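Structure first, commentary second.
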Amino acid sequence: MTKLHKALILSHKPAGRGYYRLVLKAPEAAVAAVPGQFVMLRVTENRDPLLARPFGISSIIARKSIELFYRVAGRGTALLTRMKAGHALSLLGPLGKGFLLPVKDVTPVLIAGGSGFPPLHFFAMRAGDRAHFFVGARDKECLPPTRVLTSLKANTAKVHIATEDGSMGRQGMSTDALKAFLAKEERKDRLVIYACGPHAMLAAVSRIAAEHSITCYVSTEERMACGLGACMGCSVPMKAGGYKRACKEGPVFDARDIAWGETVMVNVRNSEFKVRSE
Amino acid sequence: MPAKIKTKPNLSVTLAGIKLKNPVLTASGTFGYGEEFADFVDLNKLGGVIVKGVSLKPIAGNPPPRIWETPSGMLNAIGLENPGVDVFINEKLPYLRRFDTAVLVNVFGYSLEEYVGVVERLDGVSGVSGLEVNISCPNVKAGGIVFGTNVKAAFELLSAVRKATKLPVIAKLSPNVTDITEFARAARDAGCDGLSLINTLLGMAIDVRCRRPRLANCTGGLSGPAIRPVAVRMVWQAAKAVSLPIIGMGGIVTGEDALEFILAGATAVAVGTANFVNPRATLDVLDDLERCLREQGVGDLQSLIGKVSVG
Amino acid sequence: MPAKIKTKPNLSVTLAGIKLKNPVLTASGTFGYGEEFADFVDLNKLGGVIVKGVSLKPIAGNPPPRIWETPSGMLNAIGLENPGVDVFINEKLPYLRRFDTAVLVNVFGYSLEEYVGVVERLDGVSGVSGLEVNISCPNVKAGGIVFGTNVKAAFELLSAVRKATKLPVIAKLSPNVTDITEFARAARDAGCDGLSLINTLLGMAIDVRCRRPRLANCTGGLSGPAIRPVAVRMVWQAAKAVSLPIIGMGGIVTGEDALEFILAGATAVAVGTANFVNPRATLDVLDDLERCLREQGVGDLQSLIGKVSVG
Amino acid sequence: MTKLHKALILSHKPAGRGYYRLVLKAPEAAVAAVPGQFVMLRVTENRDPLLARPFGISSIIARKSIELFYRVAGRGTALLTRMKAGHALSLLGPLGKGFLLPVKDVTPVLIAGGSGFPPLHFFAMRAGDRAHFFVGARDKECLPPTRVLTSLKANTAKVHIATEDGSMGRQGMSTDALKAFLAKEERKDRLVIYACGPHAMLAAVSRIAAEHSITCYVSTEERMACGLGACMGCSVPMKAGGYKRACKEGPVFDARDIAWGETVMVNVRNSEFKVRSE
């Protein structure tokens, strides 16, 4: 099964709130992809920027194309915004292990932060009917694009929006909203939490899940060179000791397996250099 | 421009006694143990595979972040993560044995004894064509001085390794030295059968916001097209200094890049960082190389080794 | 993110006793004698100008081709072409004197005597703020061994130069060495007032069609963004080894690049190859640097020198 | 006088025979430019390819824009072909010393080879009425684009075309055509030769000019990093000894001043690597 594609850009437009929506034609990848998987995109054929960039799959359209949402975070994504429909990009994927979708009568609790919503949106499209989707941000303008929120509302049981300044949805953090929800929920044994977003948020969510002894899966964001398990660059520290590769054994991990403490620094870096490059 | 030739040029070369069907190898640590690229590369098509560095005992590697992109290159501080020689032999090598390609095992250690230990363990193991000895490691028993940056230490290490195995021994030199030819001669004098260069250049990048190094390890190895001019220069110098066959590497992306190394004196080449950017890079280099030879009307790649005419 | 500040941050620094209104200088050999950039850069805005290397007698330089582009970098083998110190003083310096900026004269020679000769000639000449001594030259009297790759030769050269002038002496180190700190200490012990690094990495490129080096000189110096990680690493190592002020350079294109060097331990930075790509590069780096400080709420650049926190 | 411009691409189309025609809006440069001068164009804002590329000015349109013709010779020009109208390129120029235009009652003899026609076309536009224009190539398909030949015919006294295979114009080299022309010409004292093209051709032309003791100016092609006289990378060996900078004292030189022998190698390289990169 080949994973390397020349993917034609079918559509590439600003989607609001600083995001771009990129739709790429890649039938083989589209058919194979499951929620939580990602692709590596090359933004140039030249030698700089050298490495491909990882992006989570937001949905599959008509079984033939892949929908991505991304935010300009630095040189590569800035360059990507210039690629016009009709142009073809080298696309590697689908990569990594996705979420294992919930068995019957499980209520999925999805929680997204930052630019972590795409894989969970894909999840919601596939298995969202009973899902509660929590999404939070500093303010309205940092939430996912409207079209994504609309799609989430249409594909889940309920979308819980939280903003720290209260400019949209309930005021506070999405994790507060999650806590409140869990407090009211009797059948916690039926819940499984799926989280994707900044490291600090993932750490918080996994703590909350542990307190309520709810199974929790998190999708991690690490720097990646190859996306194939070859460079060993994307390692995530494990509680059991040693590291696992986000691109191969991940990006989705059982929250209990990750050695949260040790990666905080990573996250500081990541978020920092995202800030820098904006 | 020279007349093109129809017949397939002969790409096979012999390196340190190892027959290679073509000169294109994979650089250690950039191709895993081959399996990772199964979807993209038919290993039977490659001249050989140089596997990720293997040590006597498993090594967990460095904490993240381990990589950072730089202009036309990348920094890495993986920390030589690997499952150890026994797991390699039992779980990784069997897969590689299935293919008709040379398998060079890259070995390293943190003391002379560790090197010798892993080398002895691999001696006589079927499916191993030769050893590439990564000498860019600190000798913890000697205050952490890097074997590969001290001629005497390098000579002693390589001599010990040479004695410990019947396999061809290829010394992988560090480029972070004043005079690469000293180390080429030391490897020759230690009885090595070939040289491999270059390993990564020591580099560093800083996140100016949080004022920390981009890598948890602080410094890391610079690889990719950015370093190619340095690599070609060192291969050229080493080839002039000693008659040992050389595996040239450092930023190879195209067949012309590979040809630069061959003209500089390399008998074979290894593709590294390019595998990350394009998992088919090795095969692309191979096709490209063959096209170059046809265009130039060259029937046998051997005739180009070291053929750069200076002045 | 830290609060932004309105007030203009203080960018002035003192280097080897030379007051610089800001830390942005021009790297030797990439900015001519200033005049070439008159249409683009108001020299009064720069911290200083480091002029193209000057020797005792005029030097015609190498035959062409002298340059070749490489991934995110370039190779050059200009051969230190220059009109000689007398023409410099009589025809080039007067132009520079007209500006309120520090003028550092880069000097070199092919023997200790030539170095001393040019240094004596410049001593006491008005309009010269200091000397940058390029030690990456072969000593023709000692079999062509490069001063900058032999600690003893470097020490003797720099000691002689130091004695020959009252001007601040900044030693420009070669990166083509195993251990940059040895040379940093040698420069300190020789009485130098500062360090400048890095010079170019020795590289080579080959035209695979005509099988000749891309440069008539065969090898050349690699510069540009490609080498920045190596440069930052060496500045960091040198800054830890000695307390001398450092001019950091190597692939600087943006203010953030400059800040990397400052956090690594540089007191000032020099913009080189970037001037070729964008003649306003020095001013762009300066504006960019000021923006970075504002964004980070830093009032004085000095507070950032060497402030990278490791581990 | 500033020379650094963000030049808007007004038109960028294949012009036939492997050439692209690029029209850039740069009023200041357009007004200042004289025939024989060139510009440096950056083909990307990234770090690779790093250096700007030099191109001769082919004409000035409506005193506000610059017309260039280029051929894909490698990575940079290949990348350049992708830049679409509406996009802005960083343009440095006009650079170098141009031809000094002929005084009254001089008959200019212009001779172009390879991709050396643009500066001479500009020359013809400014002072071509009495000019004889010689242009040659291996075959028809290697000649300048038709629109250029047409413009030359309209702007000069006569265009002498020569192809080695005789597929267009007279058979043979342009230098043969030149020799034949000079043989018939009585008032050689009134002629001044202006040549631009591959080094081998320039060398040949300057020999011919010397034989007839006709003043001859040649425009040289050297690798350039800065175009400003700062890098010393573009040096041309002089008969008087030493070197001059093609970008500053040149690209136009009096043929008698150049040490032709020593640069042959350069030319081999140049032509070679142009071949290579095609």
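Going by the order they are written in, the chains are A, B, C and D; count residues from 1 in each one.
The criterion applied here is as follows: a contact is a pair of C-beta atoms (placed from the backbone, for glycine too) under 8 Å apart; a residue touches a chain by one contact, two chains touch by 3 or more.
Since the model is a prediction, treat every value here as computed from it, not as a measurement.
Common neighbours of chain A and chain B, by the contact definition above: C, D. Between the Cα centres of chain B and chain D there is a gap of 45 Å. Centre-to-centre, using mean CA coordinates, chain C is 36 Å away from chain D.
The mean-CA centres of chain B and chain C are about 33 angstrom from one another, to the nearest whole unit.
Within chain A, contacts with two or more other chains are made by residues 47-49, 275-276. In chain B, the positions touching at least two other chains are 1, 71-73, 208-209, 212, 224-226, 256. Chain contacts here are complete: no pair of chains fails to touch.
Only residues 47-48, 275-276 of chain D touch chain B when the two sit together in their complex. Residues of chain C touching chain A in their complex: 1, 71-72, 225, 256. Chain A contributes residues 1-4, 42, 47-52, 90, 92, 222-226, 228-237, 241-243, 262-263, 265-266, 268-270, 272-273, 275-276 to its touches with chain B in the complex.
Within the complex, the chain D residues that touch chain A are 44, 46-49, 75, 79.
Of all residues in chain B, those touching chain C in their complex are 1, 70-73, 75, 149, 176-179, 201-206, 208-209, 211-213, 218-219, 222, 224-230, 232-233, 236, 251, 256, 259-260, 263-264, 292, 296, 304, 307-311.
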